[in-house]
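This is the structure I want to talk about, given as C-alpha cells.
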Amino acid sequence: MSEKEEILSLLQDVQAGKVKPEDALLRLKEEPYEDIGYAKVDFHRELRQGVPEVIYGLSKTKEQIEGILHAMEKRDLKNILVTRIDPDKADYLSARFPLRFDALSGLAVAYPAEVEHHGSVVVATGGTSDIGVAEEAAITAETLGSRVTRLYDVGVAGLHRLMHNLDPLMSARVVIAVAGMEGALASVIGGLVDCPVIAVPTSVGYGASFGGLSALLSMLNSCASGVSVVNIDNGFGAGFLANRINQMRSAED
Amino acid sequence: MSEKEEILSLLQDVQAGKVKPEDALLRLKEEPYEDIGYAKVDFHRELRQGVPEVIYGLSKTKEQIEGILHAMEKRDLKNILVTRIDPDKADYLSARFPLRFDALSGLAVAYPAEVEHHGSVVVATGGTSDIGVAEEAAITAETLGSRVTRLYDVGVAGLHRLMHNLDPLMSARVVIAVAGMEGALASVIGGLVDCPVIAVPTSVGYGASFGGLSALLSMLNSCASGVSVVNIDNGFGAGFLANRINQMRSAED
Amino acid sequence: MSEKEEILSLLQDVQAGKVKPEDALLRLKEEPYEDIGYAKVDFHRELRQGVPEVIYGLSKTKEQIEGILHAMEKRDLKNILVTRIDPDKADYLSARFPLRFDALSGLAVAYPAEVEHHGSVVVATGGTSDIGVAEEAAITAETLGSRVTRLYDVGVAGLHRLMHNLDPLMSARVVIAVAGMEGALASVIGGLVDCPVIAVPTSVGYGASFGGLSALLSMLNSCASGVSVVNIDNGFGAGFLANRINQMRSAED
Amino acid sequence: MSEKEEILSLLQDVQAGKVKPEDALLRLKEEPYEDIGYAKVDFHRELRQGVPEVIYGLSKTKEQIEGILHAMEKRDLKNILVTRIDPDKADYLSARFPLRFDALSGLAVAYPAEVEHHGSVVVATGGTSDIGVAEEAAITAETLGSRVTRLYDVGVAGLHRLMHNLDPLMSARVVIAVAGMEGALASVIGGLVDCPVIAVPTSVGYGASFGGLSALLSMLNSCASGVSVVNIDNGFGAGFLANRINQMRSAED
Amino acid sequence: MSEKEEILSLLQDVQAGKVKPEDALLRLKEEPYEDIGYAKVDFHRELRQGVPEVIYGLSKTKEQIEGILHAMEKRDLKNILVTRIDPDKADYLSARFPLRFDALSGLAVAYPAEVEHHGSVVVATGGTSDIGVAEEAAITAETLGSRVTRLYDVGVAGLHRLMHNLDPLMSARVVIAVAGMEGALASVIGGLVDCPVIAVPTSVGYGASFGGLSALLSMLNSCASGVSVVNIDNGFGAGFLANRINQMRSAED
Amino acid sequence: MSEKEEILSLLQDVQAGKVKPEDALLRLKEEPYEDIGYAKVDFHRELRQGVPEVIYGLSKTKEQIEGILHAMEKRDLKNILVTRIDPDKADYLSARFPLRFDALSGLAVAYPAEVEHHGSVVVATGGTSDIGVAEEAAITAETLGSRVTRLYDVGVAGLHRLMHNLDPLMSARVVIAVAGMEGALASVIGGLVDCPVIAVPTSVGYGASFGGLSALLSMLNSCASGVSVVNIDNGFGAGFLANRINQMRSAED
Amino acid sequence: MSEKEEILSLLQDVQAGKVKPEDALLRLKEEPYEDIGYAKVDFHRELRQGVPEVIYGLSKTKEQIEGILHAMEKRDLKNILVTRIDPDKADYLSARFPLRFDALSGLAVAYPAEVEHHGSVVVATGGTSDIGVAEEAAITAETLGSRVTRLYDVGVAGLHRLMHNLDPLMSARVVIAVAGMEGALASVIGGLVDCPVIAVPTSVGYGASFGGLSALLSMLNSCASGVSVVNIDNGFGAGFLANRINQMRSAED
Amino acid sequence: MSEKEEILSLLQDVQAGKVKPEDALLRLKEEPYEDIGYAKVDFHRELRQGVPEVIYGLSKTKEQIEGILHAMEKRDLKNILVTRIDPDKADYLSARFPLRFDALSGLAVAYPAEVEHHGSVVVATGGTSDIGVAEEAAITAETLGSRVTRLYDVGVAGLHRLMHNLDPLMSARVVIAVAGMEGALASVIGGLVDCPVIAVPTSVGYGASFGGLSALLSMLNSCASGVSVVNIDNGFGAGFLANRINQMRSAED
C-alpha cells in the first residue's frame, strides 16, 4: 500500500468515524524513527528503500553504535551493516551482538543472516593496496543479496592481466572499478563492457595523488560512457548502488 | 556469437583448411574502425555496447564532424548523437544530413529514427538554469529508448515543489538529479527513492561555486545511499547511463 | 492559522462530511506554486517567509523572466526583485512591466511600491570597486523595508576613514561589510560593533585574489566574533538577511 | 554614556580646570586591557560588545590560559568561555578555578553563573558525528542567555526526521544548522523557516569532503535566502552570533 | 609635530579658552580626506606615508578616476600614479589633465613633475613577456625618486645572460625580480646579492602555471634568504616598496 | 674545445704575451648573446645544446618576434622554431622571412631547411581534439631531425584502436602520449612499451578536467614505469625532449 | 620471436594438426602472471620491458610482500626492487630472502646480484633533505645497470656550488634533478646541459610548499627545454626512466 | 677587492709569471665550500652576503647538523643559526657546542657571541599563538644585529590594543607583522606606518584557514602599499630580511 493509499484510507476511516481527527493527525505526524538523543534511528528506511539503515561507524563511539544497535534489534532487523570500525570497536560489539567482522575493510555485519545471491557484480581493483576498499564494496553487495566476483590487481600498467580476465567482466551486470593513483582502470573497463560501471577512486598513492584527488578527477573525466563515480574510498556506497542496479527487474513496458 | 566463440570458430576454419593462417592473422588484427586521419571512427562499439559511437562536438570543427558522419552513414547507422554543437555547426550539418537539433542543450541527432520508449527515467533539476544540461540527459535517454519524465525547478529551497511531485519520482526506475550551486537535490532525492540516482553537478552559479566544484563535491559526499556522480554539466553521460540501467532485464538467477 | 491547525481543521471538515476524503487528499497535495514548464513559480514563499520569490536573472533569458513575472503579476505581488540583469534585459522588461533598474548592481524591482523603512542597516565597502555589490545589498534591504546607511571606500589601509565614521556603525542594528582583496574590513568592523556583521567577499582584485577566494577565506577566518559570511559577490543574500535581522522584534520571553 | 559623550565630558572637565591636559591625554590613551606579555587581555570588550573576552584554548598552553584567567578574575568576570581544550587542560584549570567542562565539545565555562534564558535558538545537526560542534554552539548560546533547543541527526537523507520536527524550527528566532559531508541541511532548513539561519560546516566526512570544504562550499552556495556561514567546525562563532541575533530588541522606528 | 603633540596642544588650547570643547571635539573627528560619494580621497596619506594616494584604475570608470583627480588637483599634488588603465581611459584623462602614460604597463602619471633619482634599484625579468609588469615597477620607483636599472630577459634557462650582468646586480640597493612560469629568477638572484630582493610573480605562462600560482609558490618557497614576495603581477607594489627601502637613511644608532 | 680548455688556452695566451690581461678579462665576460632591449637573443645555446633558441610567440608582439628573428638571421641560423603564433602574426612574419606555418598547432619554422630524419618517435593522441598539441610535438621533433609516426584518436575507451596499432608503438624509440580528460593513455602505453614515454596532458575537456589538471595529475600518478610528464599543452617541450632522447647514441662504456 | 610471429606460428601448428583449436585458444588466453589472490605477479613484464616487476611496498603488509617474493623466486629472478619499506619490514624480509636494504630511501633489493654499470647518470639534489629521494633514484638506476654520479646539496641559492661541479653535469647522458621548496634546480640544470633532465619534486619544505606542490608546479613550468617531471618524491620512477634513457643505443637509421 | 678585481689581479700575476696558467685555472675553479658528502657547507656566503650560512634543522638528523657545525667551527664562525630543531636535537648539540636554544621557536644559536643592536625592528603578532613564529623572527634579527621591539597579541579584532601601541610602530624602521587566521594585521599596520612591512602568515587557525593559506592570500592581496610577504611560518626569513633592511645605510647619491 503506497503512502497515498495509506493517507486516503486513513481519511476514509476518519469519515467513517472509525478514527478521530485528533488521532489521525497524530498518525500523520507519527515518527517513523526512534529518537535516542544523539541519533534518530530510521526504521522507515527499510520500508522506503528495502534495506535497513546502515551505521557509519568512523566517528561514532562504540557506545553510540551499541545504542543504535539496541534500538534496531528491537525491530528484529537482520544483516545490519556497520562500516569503518576498528578491531577495538568490533571486539566491544562482538561481545554484545552477533557480529561478523572483516578486518581488511573494517566492515561489520550485525545479526548476520543467510541471504541468497543473485545476478553478477564484478569488483575489480587496480592494485593490491585497493583491496580494503574493494572488500567493503564486495561484502556490502553480497550481504544485500548480490553474487560477487573479485578481480584484484588488474591495473592498466599490465594490461594483459585485465585482458586475460575478460570473461567475468563481459558477463557482469554491474562492474565496480576500484583504483587509486591515476584511476585509469575505470575508463579501460568502461570501454570494454556494456553494463553500468561504478568507479571508486581510492586514496592509495602519494605525492600528486593528493589523497585520491587524482583518481577522482580521472574517473569523473572518463572518456568511456556508462561510468559514474562515488566518493574517494567509498566502497560501501559502490556496493550498495551496485546491488540496487544488479537486482533490477525488467521494465514492464 | 561472443568474441571467444568467434576466435574458436576462426581457428576451426583454419584447421579445416577453409581459412589460411595468414588470413586468420589478418582477421584477428582487422581494424574494427575506419581511420580517417584525424579520427578512428569506431564501428565495433555498436556491437560491443549496443549503441553507435557518439560524436563529442565541442572541440571538433564542423568539417571534422561532417567527415565522421560520412564515415558512419556508409554503415547505415541511425540516431547518431552529436553533442555540444552550436547553431552554426548545426546549420552546416543540417544542410548535409538529416538532423534533429535541440538549441537549449546543443545536442543533435543525425539520421533520427523512431524508437520505442520503455521503463521510466525521471530527469529533475534544481532550477531553471539547469535545464540545458537536463535536456542533454533527457534527449539522450529518449533517443536510446527510454521513457523520460521531466521535473524541472524543484530545488530544495522550496521543498514543497519537490514534495508535490513525489509520484513520478517514486515510480521511476532511475532518477537523474541535475543541480548547480549547492547540489543538495541529489541527496534529498536519494533519501526518498529506492532506485539508482545519477547526480549531475552543473556549472550554474557564481563566486564560491567555482564552476560547478561546489555541486560536484556536495554530490560526491551525499549522505544518501544509491547516488553516483558524473562530470560537471555531463548531461549526455547521465542520460546514457540512465538508459543503460533503465533497460536492464531481470537477472536470470 | 498554522499548518498543523489547517490540517486538523481539514480533517474535522472531513469528519463533519463537509469535505469528501478525495477532495481532502487533493487539497493536501495542492500545488502552492504555478508550473510554467521551465519554472515552478513559488507563491507559498510569501506566506512562508513574508517575502515574494526573488528572480535570479543571470542565467535566465529575458523571455523566461517575463514569463515568471506574468505568473507573479496575476497574484498582485509588489516589489519583486530581479537580480543580475544587464541593461538589455532591463530595457526589455521595462517595456512590459513597471520596473525600477539600478545599472551599477544590475538589480531591478518590478512593480515597485513605496515601503516604510525601519531600523538601521549600514552597508560599508572597502573600496570604490565594491560598490556594485554593495548597492545590490543596499537596495535589497531598502526594498524589503530597512533603513540603510551607505559607508563606501573605508578600507583598512586608510583606517582613519573608517574611524571618522564610527557613529553610524555604532548605532547600526546590522552591518554589511563588503570587501575584496584581503577582506580585512569585516574583521575590523566586527571588532568594533556589537551587532551582527554580515561579510560579503567580492571578486574585486587580481592575481592571488583568485576571483574572491582570498577575501572569502579571510572573512571565514575572522578573529572577530559576530561575523558570518555569504557567497562571493552575493549582495542580494546579504541584504535579504540583514533586513531579516534588522526587522526582528524583541523576544517575548 | 557613549564614547563621544565621554570624550566631550572629558574635554569639558579640562576646560573647567578639573582635569589637567596631561592627565586628559593619558586617559585618552589609557590601555583598556591588561598586558601580560604573551597576551593583552581585553576588558574593553565587555563594555564594547557586552560579552567578556573568550579564550581560544587550542593553541595556548594551560599555563597561558591560567594566566589569562587570573587577569580576568581580578575584574570579577563571570561565565568566561574557554574553547577547544582537552580533558588535561580542563583538569589543570578545574583545580585552580571554578569550571564547568563539556568533554564532547571541549568547551569550558570558568566562573560559571546562572543566567536567564530568553528567546529561542534551535541547533540542528545532520548526523550524530556533528554533535561535538553543535554542543559548542549550544552551550555558548545558553551561557550568553539564549534558550536553546537541540535537534540532532535530522540530515536530509531521511527527510521525514526533519519533517517531524518542524514545530521547534518554525517557532525559532534563529536556527544553527550544523552539518558535514554535503551540508545540504542548511539549504533545506533555509527554505522552510523565516528566521536567520547560521550554517556551520563540519569536518565530518572523508575523501572528497576535504576536511569540511565540501560542506563549506555547499553552504556558501545555498539557494535558500537568509543563510550565512561561519568557519568549518566553528560552533562557538555560530552560538555567539545566534545569541546576538536572538537577543535583539524591536527597532524603535 | 606628532599626532600626540597635536592632541596635547589642542587640549592646552581648550584649557586656555582659545578653543571651545565642541570645536575641539570636531577637530579630533575632522575628516582627513574628501568624501566624493563613491570614494574617500585620502590626503592624510601623503602626511602619513610621504606619498600621495595612488589610484587603482582597473575597476574604476574613467569618470570616477576623473572625479578623484579633480579632488586631488585642488591640493596641488604632483606625480599622482594611476595604475592599470587602458589607452581609452588614458586618452580621456589626457584631454583633462597633464598626464604621462606608458602603454606597456598601463601606468599613468598625472601632473608629472621632475624628481631627482637616488640610490639604485635593479628591475630584472625572466623573459620578454614580463616587461609590462616590470615597467609598472620601474616607473613607479622612478616617479617616487629612485634611480632604476632595467635588466630584461635574463631568465635562468640561459644563466650566462644573468652572469654577464652581475655588475648592476651587485651594486644594487634593492632588486626587483619579475618572473612568470617557474619563477626561479628570484632564488638565483637572492643567492647572489646581499640586498633585499622583492619577487614579483607574473601570470605569464600557460597550463600548470595556473595564472601565476606556480611562480608565486616558487618565490614564497625560495631557498634564498632576503627574498619577499608581492601579489601576482603587482609591479606597482614592488616599485613602491623598492623605493621605500632604497630611500632609507642610516639608522642613527 | 670545452669551456675549460678555452679558458686554459686563453690563460696560456696571456702568459705568452699574446693577449693582454685587460683583453682576457673582457673575453671572459664577453656576452654570448645579442641584447636588443626587450630580449637577450641567445646564440650560445646552439653551441651549448645543439639547437638554436626557440621563440615562444604567445605573449610577444609580432614586432618583437620580427626583431628577434632579425638578430638571429645575421648568424645564418636555420629551422628556427616560433611557437604559439596566430595566423595574423604568421602572415606578418611570412611577408618578411621564409616561413613554414602549421595553423593547427600555431607552430612556425623560420628559414626552413631540409633535415634528415632518424630513429623513431611515435606521437599518439587520445582523441581528435588533442591533435593541435600533438602536431606541435610532431613538427618540433621532425624539424630537429627525428622520424615521426602519428597515431591519432587511439584513446583507451576504445582499446581495440590502440591494440590494432601496436606495431609502430613496439618499435618506437620514444613515444609521446598526448591526452586530455582522464589522461589514461599514458599509463596504458607505458605498460606496453619498453622505451621512454613522454606524457603531454592537454586542456581538452570540460567541468572537472579543470583546464587539464585532471590529465596532468593522472599522468604524474601513472602506475606504469618509464613515463614522465611535461606541462599541460606543451607539445613543443615533448617534441624537443623526444628528439633529444631519440638522437642518443650508444654509451661508450 | 615477436608476439605476431608467435601467433602466426601457433596458427600454423593448428593448420598442421599439431595443436588442437581448443588448446590454441587456451594458449592465446594463457595467463602470463601468477595469481596469488591479493596480487597478480607479472612475469611477462621482464619479457616485455626487460626489467622484473617492482614491488611497491608502502601499502602492502610484510606478509603480502613475502608472498609476492616467493612467487618471483620460483622464476629465479634477480635484483628485485622493493620500494618504500620501513626497517621493520626490511628485517622481516631479510630473515627470509637475500636482501640489501638502504635505510635512507627505504629501498630494498632482493636477490641482489652484481651488474655491470654503463653510461653516466648524474643525480643532483638541491639540499641535504632531498637525499632520501635521490638515493631511491640512484640505487634504482645502479641496480638496473647504470653508472651513477651523486651531486648533493647544490641548490640554486648558492649557485657557485653547482658551478664548481659542471664537469660531471656536462658529461652526463641523463641528469636527475631532485629538489623541494621552489624546485629551481631543474630549470638551472636544464639550461646548462644538453642531455635529458628528469625532474623530481620532493615534499621537503613547509608552509606554501604544500607537500611538494610548489616544486612540482615549478618543474612543470620550467623555461628550460629538455626537462620532464615525475611524481613528487618518486625517486624510483626517475631512476627507472633515467636508466632506460641511459641504456639507449644509437638508432640504426 | 671585488671579484672582478680579483680576477684581473690573478691574470696580471699570470702575465708576470708569478702564477702558472694551470694554477690560475685551479683557483678560478676553487671550491668556496667544504663538501662533507651530504652537504656542501658554504663559506663563501659570509663574504657574499655578510652572514654565515644558516642551518635549516627540520629535516636534518642531529648527526648531520653536528657534522655541518664541525665544518663551520673550523672557520671560527660565530652566531650560527640553527632553525627548527626540537629539544632532543638541542640537547644533543648543546653537549657538543656552545649553544643558546629558544624552545618556543625551536631556534638555536651556536657559538653565541655578543653583538651590538642598531636601528629598530618591531615584531607584532595578531595573537598569543603566533608567538613561536614571531620569536624566530625576533631572535634572528637580534642575533644579526638589530634592535627589536616585541608587540604581541595586537590583532585587529581588538583594534584599541594596536592603537595604544602606535609609538613603537611609528618609529620603527621595519615592521614584521605575524598573523594567522585572516591575516588582517599586515594590512592595518601597512596603512599606518611609512616603513617597509614584512608580513608572515602563520598556520595558526583551523577549518578554512587551510594551514595558513587564508592568511597568506590575505597578506598577498593587502590593499596597503609597502607590504611584502614571506612563506607561511617563515619567521627566520622575515627576521633575516628585516635586519638587512634595518641595517641599510643612506644612499650615497
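Think of it as A, B, C, D, E, F, G and H in the order they're written, each chain with its own count starting at 1.
Note that contacts are C-beta pairs under 8 Å (C-beta built on N, C-alpha and C of every residue); 3 or more make two chains touch, one makes a residue touch a chain.
Note that the coordinates shown come from a computational prediction; the quantities given were computed from them, not determined experimentally.
The chains touching chain A as well as chain G are B, F.
Each step here moves to a touching chain, and the least such steps from chain D to chain H number 1. The chain with its C-alpha centre at the largest distance from the centre of chain F is D.
More contacting C-beta pairs link the chains of A-F than the other of the two pairs A-C and A-F. The mean-CA centres of chain D and chain G are about 54 angstrom from one another, to the nearest whole unit. Mean C-alpha positions place chain C and chain H at a centre distance of 49 Å. Computed centre separation for the pair chain C/chain E is 38 angstrom, with centres defined by C-alpha atoms. Averaged C-alpha coordinates put the centre of chain C at 59 Å from the centre of chain G.
Shared interface positions of chain C, defined as residues touching 2 or more other chains, are 4, 127, 158, 192, 207-209, 213, 216, 220-221, 225, 231-232. Across the whole structure, chains are in contact as follows: A-B, A-C, A-D, A-F, A-G, B-C, B-D, B-F, B-G, C-D, C-E, C-H, D-E, D-H, E-F, E-G, E-H, F-G, F-H, G-H. Within the complex, the chain G residues that touch chain H are 127-129, 131, 152-154, 158, 160-161, 164, 204, 206-209.
If you check the complex, the residues on chain F that touch chain A are 126-127, 155-159, 181-184, 187-188, 190-192, 205, 207-210, 213-215, 217-225.
Within the complex formed with chain F, the residues of chain H that make contact are 4, 7-8, 11-12, 14-15, 17, 20-22, 24-25, 28. Chain E makes touch with chain C in their complex at residues 29-33, 37-40, 42, 44-45, 56, 58-60, 64, 201, 203, 211-213, 216, 231-234. Within the complex formed with chain A, the residues of chain B that make contact are 2-4, 48-51, 54, 118-120, 147, 166-167, 170, 173, 192-196, 198, 216, 220-221, 225-232, 236-238, 240-241, 244-251, 253.
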